[in-house]
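Next up: some structures, all given as structure tokens.
Common to both upcoming complexes is chain A, partnered first by chain B, then by chain C.
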Partner chain A sequence: MTASTLKPSTLPSATTSPLAWVRSRLFPNVRSGILTIVLAPLLVYAAYRAALFLFVNGRWEAVTRNLTLFMQGTYPRDQQWRIVAQIVVLALAFGIGAGTASAVRADVAKEAGLALPRQSPLSVIRRFWSLIAFVLLLLYFASTATPWLVVAGAVAAFLVGTLARFIPTSLRNLGWTLAALALVAGFQVVSGTVGYSWIVTAIVLAAGAWSTFKFENVEGRRALLYRALVAVAAWVVTYLAYTQLVYPGVGWDYWSGLHLTLWVSSLAIVLSFPLGLLLALARRSTLPVLRWLSTGFIELIRGVPLITLLFMGQYILGFMLPQGTNLSSISRAITAMTLFTAAYVAEIVRGGLQSIPYGQTEAALALGLPTGKMMRLIIVPQALRAVIPALVGQFISIFKDSSLLYILAINEFLGVRSLVHAQADFRAVAHAETLVFVAIGYWAFAYAMSKESQRLEVRLRAGRR
Partner chain B sequence: MLRVVGQLAALVVVFVVFRWLIGNLVTNYSRLNIGFDFGFLNVPTQFQIAYHPEFNPRLPVWRMVLVGVKNTGLAAMFGIAVAGVLGLVIGIGRLSQNWLAAKLSAAYVEFFRNIPPLVAIVFFSFAVFLYGPLPHLRDAIEVGLPGTASTLLVLSNGEWGVPGLRNTGNAPLFGVLALVAVAASAAVWVWRTRVNERSGEPHHRVLWSLGVLAVVLVGAYVILDGPVVIDWPQLSENRRRLASGFSVNSGFMSVAGALGLYTASHVAEIIRGSILAVPWGQTEAANALALTNFQRYRFVVLPQAMRIAIPPLINQALNLTKNTSLAVAVGYAEITTLTQTSIGNGRPAVQSIVILMLVYLGFSLLISLILNIVNRRLQLVTR
Partner chain C sequence: MQRRLLALLAVLALVAAACTTGDTADTVPVTDGGADDTSADTTPPDTGDTDETTDTTPAVLPQDEGGILAAVRDRGAVRCGVNDVLPGFGIVDENGEYSGFDIDFCRVVAAGVLGDPDAVEFVPLTAEARFTALQGGEIDVLIRNTTWTATRDGQEGATFLHTTFYDGQGMMVPASTGFTTLEDLADATICVLQGTTTELNLTAVFNARGIPFNPMTHADNETLQPAYESGQCEGWTSDVSQLTAFKASIEEAGGEEQYIMAEVFSKEPLGPAVPDGDSAWAQAVDWSILATIQAWEFGLTSENIGSYDGDDPNILNFLGTDGFDPGLGLAPDFAVTIVESVGNYQEIFERHLAPIGLELEGSPNDLWTNGGLMYAPPYR
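Coming up: the complex of A and B.
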């Protein structure tokens, strides 16, 4: 009998009946059946108690009445437009980033002559379902229309941002520049031009302008001059925009709530990355002094808990600076968290560096590349690509560890609870409710990131074949 | 030449930065008249430690450090025990062919892995104990031992009374004999294993060593005329404190319990990964030998999986020990909490934090030492 004569009806059907499913999955043998019989009533009872707590007994007004407090803490209410603007700008940044990335993928696929699988909106929802569920929970708890407007604005900004995929290939860097710029601007909108932080934006914009407008049809030196002029113009525009529009802003010493949690963990990972990269390179270096110094630093930091470093920041760092320097509690905590994360990032990057076959180094040496160029062009890019999932894991871990600021009496997402329970109505009640809410918040972000890192891992592994 | 100059330059930069930081520190400290000596260790602590009635504020600071180290060690030990047992069960549960068990284990792992351990600790401390369903100590629930007048458990929101042991005079000697009993049963275990390997006769080592242990312990107990008696928990007359029994405070239960639950999710993932890393041919071979499910796990899969799992498990034990420092948020009297209180009471911060870090570095070294020995013994079995 050949395959063509097989009738579809004789093939085992792919979908089994519910009864068969129950038998094969829940009662395949006696022991497994007993396990099911023990677990099922326990599960039903737990679900019953949970539902009772969630829908009947729980005093959720401790959360609903203080939703603003949980989100932005004690951020000045008359400056609230900054947070709203920030959310919209960040959504725009992610939109531009996503649009540009998909355009890059489309280009690559076209060059390889492959059809690009289209991403359905459903797959995006499945990827970020925990975050979407958290936002829906917030909207459910909201008592005013503002959160609805903010979410609508953010979605609209994201969709506008994805239009970046229509930017022509020759100006591709423009998309990335705009995304980076919007990210930094999102930070600047809430912090204002405190000190010289606007310089960061100016640098991003100038670098973006430099790399986007290459003036390839202009000959020789003149192209360089044009590019420099564009960069300077970008710098000046940034300066004017920031001093005129954003000044004076609210420094991070006055931030709290989920807003602070997200920014503190982002800053710690962004600031620690260059430091960790340098430490990893030093630890792999052939120069013994550099190796000893970085090994000593890394092992010392990894041997002690984060809280001891935070204590050092709180109790000692102030004494280590000249008299009169006044670093805020949050700045000192960010310093401690950056040093702590740098040691872990260094170990992750070292793992990546070690995973690169020695043949790569030999090939680079055979091409006559000096050590610096070899690292920059050959080794480090491959090593970083290999450790992206681990770095996301470290980001999740520092995101969770940012809750330690609560111990230093800084009111981040967990710490704002102390403000809620200082209110007369909730002094000794509703602790479970606020803690469950906080746990769901942390969980939604960490879960989405861990799923994303697993996806990245699969994709990168596929690329290495 | 350039290499030497570069390294020297790096050294000089690091030295200058340190010099600047330390110089500022010295200047500021001498301005405030604080020294850099460790003499404060002999000064009275001047504060009471919660749930430690035997500790009085006149005891020196170094005694406080010892209390802190002991409590850190206790919380870490119980946390590791909880995490190990629960993690093993859940890790195996995720691979179960029973759909319900597999999904429940997966949900447990995905939930606990993605919340901060501090949230779990604070939840236990505030929502389960302090403001939870249990009453205050004066209205504590007393669970009686059926058939007798004594109490088995005293449950309150601050501390639990559980049965303890009371010394009636010969307890230290009995302790020494108990150690002897453990050593003897270990020796018997080794002897029976050797006999089995040499002659092939059944070893029955569990029966043998438990038998030796029981004989020595019962004998010592009878000869010493009851050196320890069970101390049933009981509230004092005014119901303000536990008069007898062993007191377990809510801080300890929060820290050990929450960290145990949190770390169990990581342990489960490690166990699952290690079991999956054992080649499928091993399972097929075990099935071909007609081993039962239990035998397949006990004698074929788990020994090989454990060998893969030990290094990451070392890391988890270390993480858990370092995470006990989060107890400072709920006031459990371990070393970090006590150091913070003591700095708040005017002890010099630099020396206190140096001691704190040394304690944790010591714990880290100790755990990696113990588990490295275990690791080496497991690795030696491979051929």
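Coming up: the complex of A and C.
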């Protein structure tokens, strides 16, 4: 609206000469001119020093020689193929997810009779440029061909995964099931089939079977029965398969480096979200006990610094669990991080819930929707949409806070740095270089997360009309 | 009304549950070393009934079931609590492999008990967490530059074994300051690691002599070193072994020349610790370590121990070639395995501590026959 009322001549034109640009942008009046004269040399000097450090003086051997250590820490090198396999399988999972998502978008567009906005490879690069830049940096630092092969394998697996968009519309949920299954498989390639890990696969398969095979040609109640039977069968088959399949692996107690950082923070994020959602709903519940418990939990956890919770996890959690359960320090740390994030997520989501006018609830009730359905279909989606930026902010924060594990002598990404500087060659040198490298690593992921949240916001706002 | 009642009932149930867990919490400190992650890695998923048995039967103290020694044999690996950022004693190299003086003694224990120097799971620990880990059964043995003190022996539930390294606290200052005695450091800021005996000693010694000073505590050497180098503190106090290592690396990197004061103002016997109350395990660990000293005294090295063809009955006993078994729960030839795969004390010292600038000869860590403190009880 404002743009259309402006005269075209006042808009900076792309075709003005460089001199005119300098004049209008850098020296429009005396005050700005002085500012330019003062700041420009400072900026140029700072850039010069930074470039000198990055490209000339920086002793990057501390990073290049320890690149594998930064990526996977003390993880046994003879088991390295597991991590390679994991990267490829996870790329496949993301490929299947992306393929299915694009198919869903195509379906929606077709139904609405709209043209599907084409996604160019360029837009993908723009979305994930920080991560791509980080991977390129790693490849630049790499001294062997293996990382190149891994990246090539991951890209190939991703592209294969996107073929999931050709799965027929009626079996759309199969795509999601396959993606989830590949995620779990990616985890278990490294961790092995440990203890109760079969339950996760069983849940994925049962839910997938339930939502994929709908028996739409069978009427009414019988269809439900069939679906339940298929789901139970999937559950039982998974259990039996896992009892037969003894696949030893390397549990997460032996993970470290960036590998550990990414898993620990992903798990904390993924686990804390549903927990936080439930806590938020419980805090607004009409049942007093539920409300008290939830409020008590949230206020207790929010009143304590994360580092205190982590220490409590290490020193106290063991005494509160039943005898004989021997939780490793990483499991305890994940527990503490999950509980901490859940409390914050709960408060963020509660804020979203409160922003939904009561009229929505009344309208839903007037339509005769039961409370559960009302929450699921009307209130929660709108509430979540309202709080995406805050939620992602919290997730970015827990991702960065995973570096606190360093204080517990868990060698995550930042912790590897001190391993490097205990080595004879790097004891008194290159402290700045390793720190810059680690900072770039954290930034690449945090920035990608923030960028994705902005995208999600824009997309969902479009749906709000 | 009904809803209120339900709520009250639920609260009561919760309180009851909290109380019962509270009761058991008193007896929890010992977790069973046998039920561990490695076995979980390889066993198929637990079925419901095994789960139930772990719930209903009280956890067994390690000692009741053949103790830690049996648990270690079951697991096929020794869990060794270590420091992974201590030059010379424990570091991680580019390939993710642990190495160092303390690390080698973990390998010595593994070689002695299991016959395989690589059957070790290294658990990096902070100074603060080390005794909790030992009490909680997270580790079988703690070899993490830990000073043997009465309090730790008494209150921390740790049993200290033969000292592997006699250290002492010293003070490093930039050579340019010209300081040579502690008195010169009056009103100076002194950097020290927190939660260590070093910190307590610093206060004790300076207070006893009436020297005013400001301590600056750091969680690890990673932050301490830059603080010291940038002049935030005038002195750096730590064990002499550490100061020597850092002096060498600071000077090598082109930093200021450093001076370590001649005065050593504490006794820091560093050695392995095991949980209290399992003497079979303590003996096995102790004698594995003593074997490296005994081999040194006998002049046996990793190179010549396998080809010993003399007839000294003491050495033959030690090698186990005559079938001598003192009943320590170790294989008769455990000493051969240890020395062949890891080395004798001198070899271990020269491999890890000579490169950081420490000398064995004439130090307290020399063999007793050379005037040092390294002395193994007779093996017979």
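Following the convention adopted for this analysis, the second predicted complex is superposed on the first by the 409 of 465 C-alpha atoms of A that agree within 3 Å, B and C clash if a C-alpha of one lies under 4 Å from a C-alpha of the other, contacts with A are read in each partner's own complex, and residues count from 1 in each chain.
Everything below uses one rule, namely that contacts are C-beta pairs under 8 Å (C-beta built on N, C-alpha and C of every residue); 3 or more make two chains touch, one makes a residue touch a chain.
This is a predicted model, so every value here is computed, not measured.
After the alignment on chain A, I want to confirm one thing: do chain B and chain C clash, or do they fit together?
clash
For A:Ala409, select first, second, both or neither according to whether it touches chain B, chain C, the two together, or no partner.
second
Would you check which partner chain A:Tyr75 touches, where first means chain B only, second means chain C only, and both and neither mean what they say?
second
Which partner does A:Tyr358 reach: the first (chain B), the second (chain C), both, or neither?
neither
Quick check on the superposed pair: does A:Trp443 touch chain B, chain C, both, or neither? Answer first, second, both or neither.
A:Trp443: touches chain B, not chain C.
Now for A:Phe166: first (chain B), second (chain C), both, or neither, which partner does it touch?
After superposing on A, A:Phe166 lies clear of both chain B and chain C.
Just chain B (first), just chain C (second), both, or neither: which does A:Pro288 touch?
Both: A:Pro288 reaches chain B and chain C.
Using the touch definition from the top, say if A:Gln423 reaches chain B (first), chain C (second), both or neither.
second
Would you check which partner chain A:Ser328 touches, where first means chain B only, second means chain C only, and both and neither mean what they say?
In the superposition, A:Ser328 touches chain C alone.
According to the stated criteria, A:Phe55 is in contact with first (chain B), second (chain C), both, or neither; which is it?
neither
Go through chain A and flag every residue that touches chain B in one model and chain C in the other.
Residues 287-289, 315, 319-323, 407, 428-429, 431 of chain A touch both chain B and chain C.
So in the complex, which bits of chain B are touching chain A?
My answer: residues 3, 6-8, 10-11, 14, 21-22, 24-25, 27-29, 31, 96-101, 104, 110-111, 113-120, 122-123, 126-127, 130-132, 293, 322-323, 325-326, 328-329, 336, 339-340, 343, 349-350, 353, 356-357, 360-361, 364-365.
Can you tell me which positions in chain C touch chain A when the two form their complex?
3-4, 6-7, 10-11, 21, 24-25, 27-29, 31-32, 35-37, 40-47, 54-55, 58-59, 84-87, 91-98, 122, 124-126, 129, 132, 136-138, 219-222, 225-226, 229, 245-246, 249-250, 252-253, 255, 355-356
Show which residues of chain A lie in contact with chain B when the two form their complex.
Spelled out, the residues of chain A in touch with chain B are 25-26, 28, 31-32, 35-36, 39-40, 43, 287-290, 293, 300, 303-305, 307-308, 311-312, 315-316, 319-323, 396, 400-401, 403-404, 406-407, 414, 428-429, 431-432, 435-436, 438-439, 442-443, 446-447, 450.
Contact residues on chain A for chain C in the complex?
My answer: residues 65-66, 68-69, 72-77, 192-198, 239, 242-246, 248-251, 253, 287-289, 314-315, 318-326, 328-329, 407-411, 417-419, 421-424, 427-429, 431.
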